[in-house]
Amino acid sequence: MREKIVIGLAVAAALLLSYNLYQMFMVLPDEAMQGAIYRILFFHAPAAIVGMIGYFIALTFSVLYLSSKNLRWDSLSASIVEVSLVFSVVNIVTGSIWARIIWGIWWTWDYRLTSALVCVLIFAGYVMMRRAIEEPTQRARLSAALCIFGCVDVVIVWKSIEWFRNNHPGPVLSIRTGGGTMDPAMERIFYLNLLAILLMAIALVLVRTRQEATAREIDSLRRLANAA
Amino acid sequence: MPEAVVLEGVWKFYGDYAALRDVTLAVESGSCCALLGRNGAGKTTLLRILAGLSHIQRGQVRLMGESPRNEKARKQTGFLGHGIGVYEDLSACENLHFFARVAGVRDAKSMVSNWLDRVELGRVAAMPVRQFSRGMRQRLALARTFLHKPSVLLLDEPFTSLDDRAIAMLSELLLDARREGATIIFSTHQLREAFAIASHVALIENGRLRFTGERTPEMLEDPGLLYRRYMDSGAA
Amino acid sequence: MPEAVVLEGVWKFYGDYAALRDVTLAVESGSCCALLGRNGAGKTTLLRILAGLSHIQRGQVRLMGESPRNEKARKQTGFLGHGIGVYEDLSACENLHFFARVAGVRDAKSMVSNWLDRVELGRVAAMPVRQFSRGMRQRLALARTFLHKPSVLLLDEPFTSLDDRAIAMLSELLLDARREGATIIFSTHQLREAFAIASHVALIENGRLRFTGERTPEMLEDPGLLYRRYMDSGAA
Amino acid sequence: MPGPDVTRMRTVQQALSIARKDLAIELRTKESLNAAGAFAVTILLLLSFVFDVTSEETRAIAGGLLWLVFAFAGALVFNRGFARELPNECLDVLLASPLSRASLLVGKAVANFAMLLVVEFVSLIVFGIFYDIRWWLHPAQLAGAFVLATWGIAIIGAVFGALTVNLRLRELMLPVIIYPLLIPLLIAAIEMTNLLFSAQPSQSDELLWARLLVVFDVVFTALALALADTILVN
Amino acid sequence: MPGPDVTRMRTVQQALSIARKDLAIELRTKESLNAAGAFAVTILLLLSFVFDVTSEETRAIAGGLLWLVFAFAGALVFNRGFARELPNECLDVLLASPLSRASLLVGKAVANFAMLLVVEFVSLIVFGIFYDIRWWLHPAQLAGAFVLATWGIAIIGAVFGALTVNLRLRELMLPVIIYPLLIPLLIAAIEMTNLLFSAQPSQSDELLWARLLVVFDVVFTALALALADTILVN
C-alpha cells in the first residue's frame, strides 16, 4: 500500500515536472530584462519555499515527540529536516548560479540569502548532531530540542536581518504583491512547479521515514537476537 | 512490609548488548541488599537505573512507588557511583555545603560539620579534594551520599579503598541508616564485608538475576559458596 | 641479593604537611612487598615517588641503582596508579598498542593480543573503554602495566573492583613476574589478599615507616595482627 | 505539594548555588579565564595590527570586532561549562539529586554570563587602548546592551553546552551549533555597540536593537526552561 | 648508552605515536571534517556581518580574516591537547613511561598541526567562494606559508596546553603571556597570505615574511623543547 502511494506521488511529480519543463522552455518567452536565465526561478523559489515549509512541519513533529516520547515522530521530523535541507541547498545553489550570472558574484550578504544560509547551517548542525549520537532516545531528545530552537531562530533571523541592506528581489508572487509583478502565465507554471516539487519532497520523506522505521525494526530485532 | 524498590522484567540494552535481561527484584523497605556478581555482570547498570541515570528499554522500575526520574523519588535517594562525584578544586567542606544546598538540606552548616567528623575528615575539612588520598575521597563521597538523610541508599562498591577503620565506620553508618528505616542496595566484590552487613543478597550473572533471598549464616562462614552454587561459571 | 628499590631518609612535603617522614626502605629484587597503612598514610605518595611522578625534599631514591626520573629506570618500571591510565575513547586493543609503542615493545601485536587474553578481555578487545565496567577497566590497566615486561612493578591498590576470578588471575600474574625476577611493590587495604601474595610487608602510619620485614605465617592467620601490634592508633 | 512560587524560589536558589560553585572553581583554576582571556587579548592585538586602526572604517566596525571576539571567547567558556561536571561523574550526582534541571541549566547560564562579562570587560579596556575608541561615552546604555546580549549568549551556550557535553568533538560541535543561532543577537549587539561608540546615537535605532535583544533573551530563556528536562538527561 | 641520533630517532617515533593516538581519538567519529567545514562557514558568516565584504578593503584584509578563523580554530584544538590526558590520569602514565617529555610535547604539536591544517584547508575553500578570492594563484607558495605558520601556532599551542594542565603554573596566568607570542607569527602569515592572494606578489617581500616564519618556527620549537622538561612535571 505504502509503496503504491510513494510510487504514485513520484510518478505524479515526474509527469507534472516534465509538463512544466515543456511549458518553461517551449512555451514561455524569455523574460524581458534577464533573458533565458530567469527560468531558474521556477526551481529556485519553490525549493526555498518547500524547504521552509518542511522545517516548520518538522518543528511540530519534534514537539509531538517530546510530548509523546514516540520515536516514530522523531524519525518523521528527522527525515523531513533532511529532505528540506536538500531543497534549501538546491535553492542556494541555483540562487548563487543565478547570482553569478545576473549580479556577477556568487554570493552577497543580503538578508534573504543570509537567512537561507543560516537555516541551512542550523539544520546541517542538526544532521551532524544526529550522526554523533548513537543512543536513539537521547538522539531523539536532543535533535527535537535543536529543531525547536532552530525554527524559532530562523524566524528571528528573518525578522532581524530585514533591517539590513538587500539586493535580492522582493516578493513577485501576486499573493504577496497583490498582483501585477509577474506574468500570470509564468505564475501559473511557478505554482505548478511548486506543486511538483512539493510532491517530490513528500515522496522523498515517505521513503526516508520508511528507511528509519526499518532501521528501528532491525535494531530491536538485533537486540532480541542478542538477548536470547 | 512494603517494598521500597521494585523492578519488574527490566531489560537494559547498550546498543544491542543486553546488559540486564528480564530482571525482577523487590527490596523491602528497611532491608539491606547486597548486589553481587562478577566484573561486567550488570551491578552498576542496575544501580544507575535505580538512580534514574539510565533508561531501560523494557520493564518497570519503582522507587517508593515513584518512577526513579521523578523529583519526589530523587529527593529520597542517595547515590554513590564509581566516580566519587565531588569537585577536585573545592574543599571537603565546600563540597558538602554545595550538595547540601542542592539537596535543600535544613541547617546545612551543622549537618556538614557533623558529617565531616563522622567520616573523620574534620581535620582536613578546608583542604581541596585534589589533595586528598583516595580513601579520603571515598569517605567524603560517603558523607555526600548520606548528607540529606535519603531513605533509599544506592552504593556502588562503597568499600573501595577504605581502610579497616573506615569500613567499620561505614558498617556503623549503614546500620544506623537501617535503624532509621532506610533501604540500602550496595554492590561490592568484598564478599566478607558484604555478608557481614547485608540482610538480603542478589546475585547477577551476565545480566540475569541468579539468586535473591535472605543472607543465610552459612554464607558468612563460606563466602565462596554462593558463586559456586548458583553460577554456571562456578568458582574461580 | 641486590636491592632493586632503595629509599634513604626520604622526606616528602606537600606545602608544610610532611606526607613522608624519614622513610628508609630497601626492597630486594625479586621480592614482593605489600605496602600497608591506613587512609592517608602515604602509600600512594611513596609509590608516585618511586614512579618518578613526585619530587622529594630530602633523602634519596634509587631504582635499580638509577634515579626514578632517569629514562633507564622508567624503562624498567611499570606503574599502576589510582587513575587507571587508559583512554576512554580508544578500544582496549588500541590502548595497549599505543602504550606498547610508547614503551618501545618489540612484536607489539602478539604481546597485545596475548595480554588481552590473559586478562580475559579478548572478547571485548574492540570495545571503547568508555563502555567497560569498572572491573574491566582495572583489568585493562593491569595489562597496560605488565605489557612491557617491567622489572619493577609499582601497583597502587591493584585489587580494586576485581572479582574473585580476576584477583586469582592477578595473583598468578604477580607470581609469574616474580619468577622472571621482577620486583613488586603494591599497596592495598585488602589484607588477606595482600598477605597471600606478599613476601615482605611494609607498614606506614602518618608518613612514618612502622614495620618492615618478611611476611610471617601468623599474619596470614590473623590479618589484623599487624595493625594492632605496630600502630599507635591500634585496631579499629 | 509546595506552591508554584515556593518551587520557583527554590529553583532560583539552587541555580545560584550552582553558579556560585562554578565561579568558585573557576577562581581557583582560572581555566576558562586563561583560555578565553588569552585568546581575546591576542586577537584584539592581532587585529589592531591587521587594520590601521586610525582609519575611520575600523572605527565603524569596532562593534563588530568586539562581538566577534566575545563570541569566540564565549565558545571557549561554554565548552568548559558542563565539561567541568564530567570528572568524578559529578554530572550524574547532580542529575540524580533533587535539583531541578531548569535550575541546573540556569545556574550554568549565570556562571557563563559572569565569566563572559569579565572577559568582555577586560577586552573592552584593551580595545579602548589599542583602537583608541572612546567607549565610555554612554556607560549606562553600553552596560545595558552588554548585559542583554551576554545573557542571550550565555543561555544559548548553557543549553547547547548541555546538549553536546557527552559528544566527542564537543569543541567543534558547540560553535557550529550555537553561532548560527546567535547571529540575530550578535547583529543587534554589534549595531547597538557601534551606535553607542558614536558621539550622538539616534535613540530610535538604539531602541529598535534593544528591543530585538530583549525579545531574543526572553524567547530563548523561556525555551531553555521549557526544554530543560528533555535536554539534561543522559 | 644509545647514540644521540638513535635517541633522536626514537624521540621522533614516540612523538609520532602520540600524535597518531590523538588523531585516532579525534577522528573516532568521521564527522570531524564536516564539523570543521560547518565551523569555517559559521565563522565566515559571523565575519560577514562585521565587515562589508563586497568592499575592496575586505579583499585586502582577506588574509587577516582567514588567520583570525585559524587562530580561533587553533584555540579550540589546543585547549583539548593536554586536557585529553587528564581523565584517568593518563598524563601520569605517560610521564612515568620511558617516553621523553620532548617527544610528548612534539607529538601534541604534530596532532594540533594536522587537525589545524584540515580546518584551514576547508576554510580556505569556503572562503574562496563567499568572498570570491582567487587563492589558487600560487598554490605551492601558499601551501608553504600555511605549513610554516601552522607549525608555529601548533607548537606554541602545545606549550599553552601543557601550561594549562600544570597545576602549579596554571595559577600564574602564564598562558595569557605565552599565547600572545603568536602575534608576530600571525602577522607574518597574514602579510604573506595577502601577498599570495594578489596577482603578482613581489618576490622580495614574500621572501622576507617567509624567512620570518622560518625563524619563528625554529625559535618556538627550540623554546618548546627546552621548556619541555620544566613544563611537564607535576
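Worth pointing out:
All chains are identified by letter, namely A, B, C, D and E, in their written order; residue positions are counted from 1 within each chain.
We adopt the following convention: a contact is a pair of C-beta atoms (placed from the backbone, for glycine too) under 8 Å apart; a residue touches a chain by one contact, two chains touch by 3 or more.
Since this is a predicted model, take the numbers as computed values, not measurements.
Number of steps on the shortest path from subunit C to subunit E, with steps defined by chain touch: 1.
Path length between subunit A and subunit C in the chain contact graph, taken as the least number of steps between touching chains: 2.
By the document's definition of touch, common neighbours of subunit C and subunit D comprise B, E. With centres computed as the average of Cα coordinates, no chain lies farther from subunit B than A.
Overlaying subunit D on subunit E by C-alpha atoms takes a rotation of 175 degrees, rounded in steps of 5.
For the pair subunit B and subunit D, the distance between C-alpha centroids works out to 39 Å. Inter-chain centre distance (subunit B to subunit C, centres taken as mean C-alpha positions): 28 Å. In this assembly, the C-alpha centroid of subunit A lies 51 Å from the C-alpha centroid of subunit B. For subunit B, residues touching at least two other chains, in rising order: 82. Touching of two or more other chains is recorded for residues 25, 28-29, 31, 35, 38, 42, 45, 49, 87 of subunit E.
Residues of subunit A in contact with at least two other chains: 114, 118, 121, 125, 128, 132.
Touching pairs of chains, sorted by label, consist of A-B, A-D, A-E, B-C, B-D, C-E, D-E.
Of all residues in subunit E, those touching subunit C in their complex are 10, 13-14, 17-18, 21, 24-25, 28, 84, 87-90, 92-100, 233-234. Note for the complex: subunit C touches subunit B at residues 14, 37-40, 44, 82, 131-136, 138-139, 157, 160-168, 189-191, 224, 227, 233, 235-236.
Taken in their complex, subunit E has these residues touching subunit A: 29, 31, 34-35, 38, 41-42, 45, 48-49, 53-54, 129-130, 132. Chain contact summary for the complex, subunit D toward subunit A: residues 159, 163-164, 167-169, 173, 176-177, 179-181, 183-184, 187-188, 208, 212, 215-216, 219-220, 223, 227, 230-231, 233-234.
Touching subunit E in their complex are the following residues of subunit D: 29-31, 34-35, 37-39, 41-43, 45-47, 49-51, 57, 61, 64-65, 67-68, 71-72, 75-76, 79, 86-87, 168-169, 171-173, 175-176, 179-180, 183, 186-187, 190.
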